[in-house]
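Shared between the two complexes below is subunit A, which has subunit B as its partner in the first and subunit C in the second.
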Partner chain A sequence: MAGLATVVLLVLVAVFADFLASRLPIYLHFEGETYWFPNVRDPPALRAWDNDRLEEAFGEDDWAVMPLVPWGPNQDDLSMGGASARPPDGRHPLGTDSVGRDVFAGIVHGTRIALSVGFVAVGLYVLIGIMIGAAAGYFGGIIDSVSSRVIEVMLSFPTFFFILTVQGLLPSTSILQLMVVIGLTRWTDVARLVRAEVLRVTTHDYVMAARATGATDLRIVARHVLPNSLGPVLVAASFGVAGAVLVEAALSFLGVGTNIVTPSWGRILNDARSTNYPWWTTFYPGLALFFTLTAYNVVGEGLRDAIDPRLRGDLG
Partner chain B sequence: MIPTFFGITIVTFVLMHLPPGDPVAAQVGEGGMRASAAANAELIEEYRRAHFLDLPLFVNTRPDDMPKQVQRLVERLPDPERGSWAARQLVLRGGIILPVLLPKLARLPEEQRAGALAVLSRIAERIGATEDLEQAADPTAFWTGYWELHRIDFRPANADRLVRRYARRGSPAVLAELRTLDSFIVPSVVDALGRDPAGGELDRLSTLISLVTGREVVYRVGEPESRRRETIADWKEWWFKHESDYATFRGPARFVAMATETRYFKWASRIGSLSFGLSSRDQRPIADKLREKAPVTLLVASLSVFFAYLFAIPLGVFSAVRRGRLADRAIAVVLFVAASMPGFWVGMNLIRTIGRAGWLPIRGLTSAGYEEMSLWGKAIDLTSHLAMPVFCLTYVSIAALSRYQRVAMLEVVRQDYIRTARAKGVAPRGVIWKHAMRNALLPVVTLLGLQLPFLLGGSVIIEQLFSINGMGLETFEAILYRDYNWTMAVVTLSAVLTMAGVLVADILYALVDPRIGFGGRRSRGR
Partner chain C sequence: MADENAPTATPEPLVRVVGLKKHFPLRSGFFSRRTAFVRAVDGVSLDIGASETVGLVGESGCGKSTFGRAILRLIEPTAGTVHFDGRDVVALGARELRRFRRHMQIIFQDPYSSLNPRMKVKDIVGEPVRIHGLASGRRAVDDEVVALLEKVGLGSSAMTRYPHEFSGGQRQRIGVARALAARPRFIVADEPLSALDVSIQAQIVNLLKDLQEELGLAYLFIAHDLKIVEYLSRRVAVMYLGKVVELASSQDLYKDPLHPYTRALLSAVPVPSPGAKRARILLAGDVPSPIRPPPGCSFHPRCSIAEKGLCDKEAPALRPISTGHVVACHKA
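Let's look at the complex of A and B:
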């Protein structure tokens, strides 16, 4: 339950990242104009402004509702002079990185990146895996042997290493591309699971019964076989999200993950490494990463216990 | 195995062609600003050749060979713009074009013949025929006569024989004879280089081939062994790229060339020969670099595997024995938490605390002055350098392995033979460590083969973090530098090793468990 609660919390943080940390206020009354949610909409009239300067320029009846931390993830605070990482203080609750970007804002918005990479990449490869695995398991024959060969080949490549190579060789990096690369390289495990389950399920009587009533192949697979074979996939997907989040962070840490303007936990860690490891940029993003991985692993663990009670009793 | 290997080479091949756009323009463009357009065009052509971008991907319906190239270049000779370039290319080819050009010299159209004669007069200098040529009234007649006289010498068997004799003894008379054949001897010399010549022979062979190709890469007697290997590798690499400038595909060779003169085959044969060519970063043979870097990574990886098993097995057995009790739960939670901590983050925090306090070194595997230390000092130095990287790689594996061990143990203690052992009065300790653990060990030990991919991926980050100069760090830099040869070698090797690991795991399984056989049904769905 704690795992699920953490996952929900993470999703909320990701969705409301703009309300937790943003360059602009949530509500602003300024120079006679009223702005609703400039933090989300980023109106053109306020492009040149940020929370700090707005507050200085406030007149008599100007007022605003500020986000929790009044800094955006890519906004550099150079007000304190030269660019260097600054420790946590009243202005920046978790300090700044070496170019003056707020660490808290980076972590909050990094949640968004981490989770979206996790969900989209895993969603993509679960989809691919289910389609290929189901086709291989249900139809057998040449489809099965061809897809088994392909899976065998893909499994031979060490995953992280393979993804790193693809990301590194492609000329530019973006978050969408990273999702696709992870999705296209990691579907093999899901395909194998689905294939094995489909092979098991198709021998059951109710599939025979469906066939006897004249249902089409597509209907049998979609209505009878797949719903009964997706248990293990759910487990794999949950661990898979943790894996994808870790891959994203590790690649960004190496500098080949997402684009340099994308706030990501790995980017902050990378910054920490290049500036002799200040404790606030080293510790906090990793902590966020750690919580995310733990949460998804706990959820995966729980799902596995529910599906395969033989292994139960590990975590009480 | 074989189809899988084929698949691996295909995937790697596709991977290397992944960067969209014209890689030539990207690579040459960087340094091409000051060069003129013509020089740039030649640079691009050279680059395309070097990376086989002029070849089709999988099937070459019209393989290009030396005679075809010569014909094309001769036709281009009268062209005012590209003519001088074509002439230079022909002169560069040297004597090997004589058997193609001379027999049909008389039949060439007028303007082409003029160009060809100019080319031939340059080649005449190299084969020592200038004097005779100047005395001759009609150069065309001279060359036709020359060919009548010397065609008997322009036979591969003759060139082979002369090269072999010269390599063995180095007599000046043979050298003079070889000079008259000029670059016709290149295939023979390359052949001789392939037989791994010793220092003295290589000295003469490399001098010879440098002389006729105008490419100065020579080994001198007395230079170190590594230079000898590098020289041979360098010439092999050159031949790999320029074979079609010297070879003639005729008859069955033509059909073979349809498959071999393709980009895919060039890549695949590199993998098959395990030489992998030269690294484009420092022009060193990749095999040599692998020999130098792989032991570092393997040292870290094998230590990590060793410690992982050392801790994981007792932990797993212990928590299986204490199943459901506080100790079991505590271990499970601690290991679970540990497995969720990214290794590089733990490493960064270790560097920040232990490293900064000066307790353990944070860079490389050895300190400065390692060579002068005593044996004991070396051991201490190496251990202190290895401690943190090995720890970062190990603790994650401990969690997974001990889990497997625990499950296997729980499975085993339910078996009848354990009950039998208990019933006949074996002490509980003996039941656990002798009867149960031996059987429970098997599935965990067979996992050994599957540790490799994990460790390879981990080594990239950990070596980067601790500045360890091994395969991981080299690979990462190679990827950023677009050193395709190195990247391809490592990706393929890692895939092949993983495949081998899975195979070893399967075989171990079958060996230790008589219920699983090799024949008939596949046992594990792979």
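Let's look at the complex of A and C:
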């Protein structure tokens, strides 16, 4: 339950990142104009402004509702005079990185990147894995032989270095591209899992019964085989999200993950490297990673226990 | 051969199986060469008339179930033909076969494995109705399912429940309802009673009998309980190692078994009176491997009346002894 609660919290943080940390207020009444949610909409009229400058320019009638932390993830706090990492204080609760970007804002907005990379990449490779695994397990024969050999070849690459190489060879890096690269290289485990489960499930008489009633292969797989084979995939997907989050952070730390304008936990860690590792730029993103990975692993364990019929009685 | 092998109940039987074979290849070695075959079904011919029940008995592993499934092409037969109402089922293309399947259904042995645990009863029973377009619209399908469930003695309250909420006997009734949903004329009942309690067995037997009278179904009733087969079947075939060794009307077979294997099987049936004396025929040894069946009559190594030089050399053909009674034994 604690794991699930943490996952829900992370999703909420990702969804409401703009309300927790933003360059612009949540509500603004400024120079006779009223702005609703400029933090989300980023109206052109306020392009040149940020919370700091707005507050200085406020007249009699001007007021605003500020986000929890009045800094955006890519906003440099230049008031400090030159680039240097500042330790946590009242102005920046978790400090800033070497170019004056707020660490809290980076972590909050990095949650978005981490989770979307996790979900999309895992969603993509689970989809690929299910299709290839189901085809291999259900049809067998030549389809099974070919896909099993492809899986074995894929498995012989160390995945992380494979992704690292692909990312390094590509001319530019973006978050979408990172998702696709992770998705296209990590489907093998899911495919093997699904294949094994499909082989197990197709021995049941209800699959033969479905064939006897005249169901098409597609119907048999979609209605009878897959619904009974996907439990373990759910477990693998939960662990997979944790894995993908870690891969994204690691790649961004090495500078070949998302591009430099994308706030990500790995980017904060990467920045820490250039300034002799001030503790707040490594500890807080590390903590965020730690909790995320732990939460997904705990959820995965929970799912595994819930699915395993031998343990079902004990959980009552 | 076919005419001689199978006494026909009607001039044009509903199901005519001729020389059906199923050989499973055994692969071994690096290149998965076919090195041997398991001759699970080795040339079986059988006729089943409309509204007739034919019993099929034999030890475990003699190929009964494989035969039943090969008729329905749930397992592709290696050789032989199956004519259903004059059409060759083996020659049907995939699409035609799917449409044709509604005429021939199957009831399985294990009611726990034969129902999809993630589907509601109304979806399990309604699926054949939908696939073959026997009712259109959700309401019509649901009405059809209610009628089917009533036919097998279950209330409409079963509709929205899942298989695990039912007992073994009830599950078997759901399996029967699914088989009936396609409105078939022929049902292979593959040991439908073996997994049930004796009291439940009687209920299912009577259900099958009632349904046959009501709907004019033909059954191939596969079992190893000889008493139930006698009660249900008009004719009974005895299988041994992939072959039919004796086929007769159930009166003839139980009164006057001709094949030594049939005699041995019948002598193993428990007699309800404790004082009754009976000659128990104990078979020596195990069933030989269907990979390398013994030469000659495949039963000769276990047979008490086998004749050296004949039974171990020459395979006996099925030959008629009296009307409707055929046996494959040199000594009968």
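We take it that the second predicted complex is superposed on the first by the 308 of 316 C-alpha atoms of A that agree within 3 Å, B and C clash if a C-alpha of one lies under 4 Å from a C-alpha of the other, contacts with A are read in each partner's own complex, and residues count from 1 in each chain.
To be clear about the criterion, a contact is a pair of C-beta atoms (placed from the backbone, for glycine too) under 8 Å apart; a residue touches a chain by one contact, two chains touch by 3 or more.
The structure displayed is predicted, hence computed values, not measured ones.
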Combined model on subunit A: subunit C and subunit B, fit or clash: fit
Contacts of A:G140 with subunit B and subunit C, given as first, second, both or neither: neither
Subunit C, subunit A and subunit B - angle at the middle CA centre, rounded to the nearest 10 degrees: 90
Subunit A: partner with more touched residues, subunit B or subunit C: B
Partner chain in contact with A:H224 - subunit B first, subunit C second, else both or neither: second
A:P88 touches, of subunit B and subunit C: first, second, both or neither? neither
Which superposed partner A:A209 touches (first subunit B, second subunit C, both, neither): second
Contacts of A:G286 with subunit B and subunit C, given as first, second, both or neither: first
First (subunit B), second (subunit C), both or neither touched by A:F161: first
Lowest C-alpha to C-alpha distance for subunit C against subunit B (Å): 5
Overlapping contact positions on subunit A, where the subunit C interface meets the subunit B interface: none
Residue ranges of subunit B touching subunit A (in the complex, touch as defined): 3-4, 7-8, 10-11, 15-16, 18-21, 26, 323-324, 329, 332-333, 336-337, 339-342, 344-345, 348-349, 351-352, 356, 403, 407, 452-454, 456-458, 460-461, 464-465, 475-476, 479-480, 482, 487, 491, 494-496, 498-499, 502, 525-526
Subunit C to subunit A touching residues, read off their complex: 69, 72, 74, 98-102, 104-106, 108-110, 113-119, 127-128, 131-132, 175, 178, 181-182
Interface residues, subunit A side, partner subunit C - complex: 204-206, 208-216, 219, 223-224, 227-228
Subunit B partner contacts - residues on subunit A that touch it in the complex: 149-150, 152-162, 164-166, 168-171, 192, 196, 242, 246, 249-250, 253-254, 256, 269, 272-273, 277, 279, 282-283, 286, 289-290, 293-294, 297-298, 301, 311, 313-316
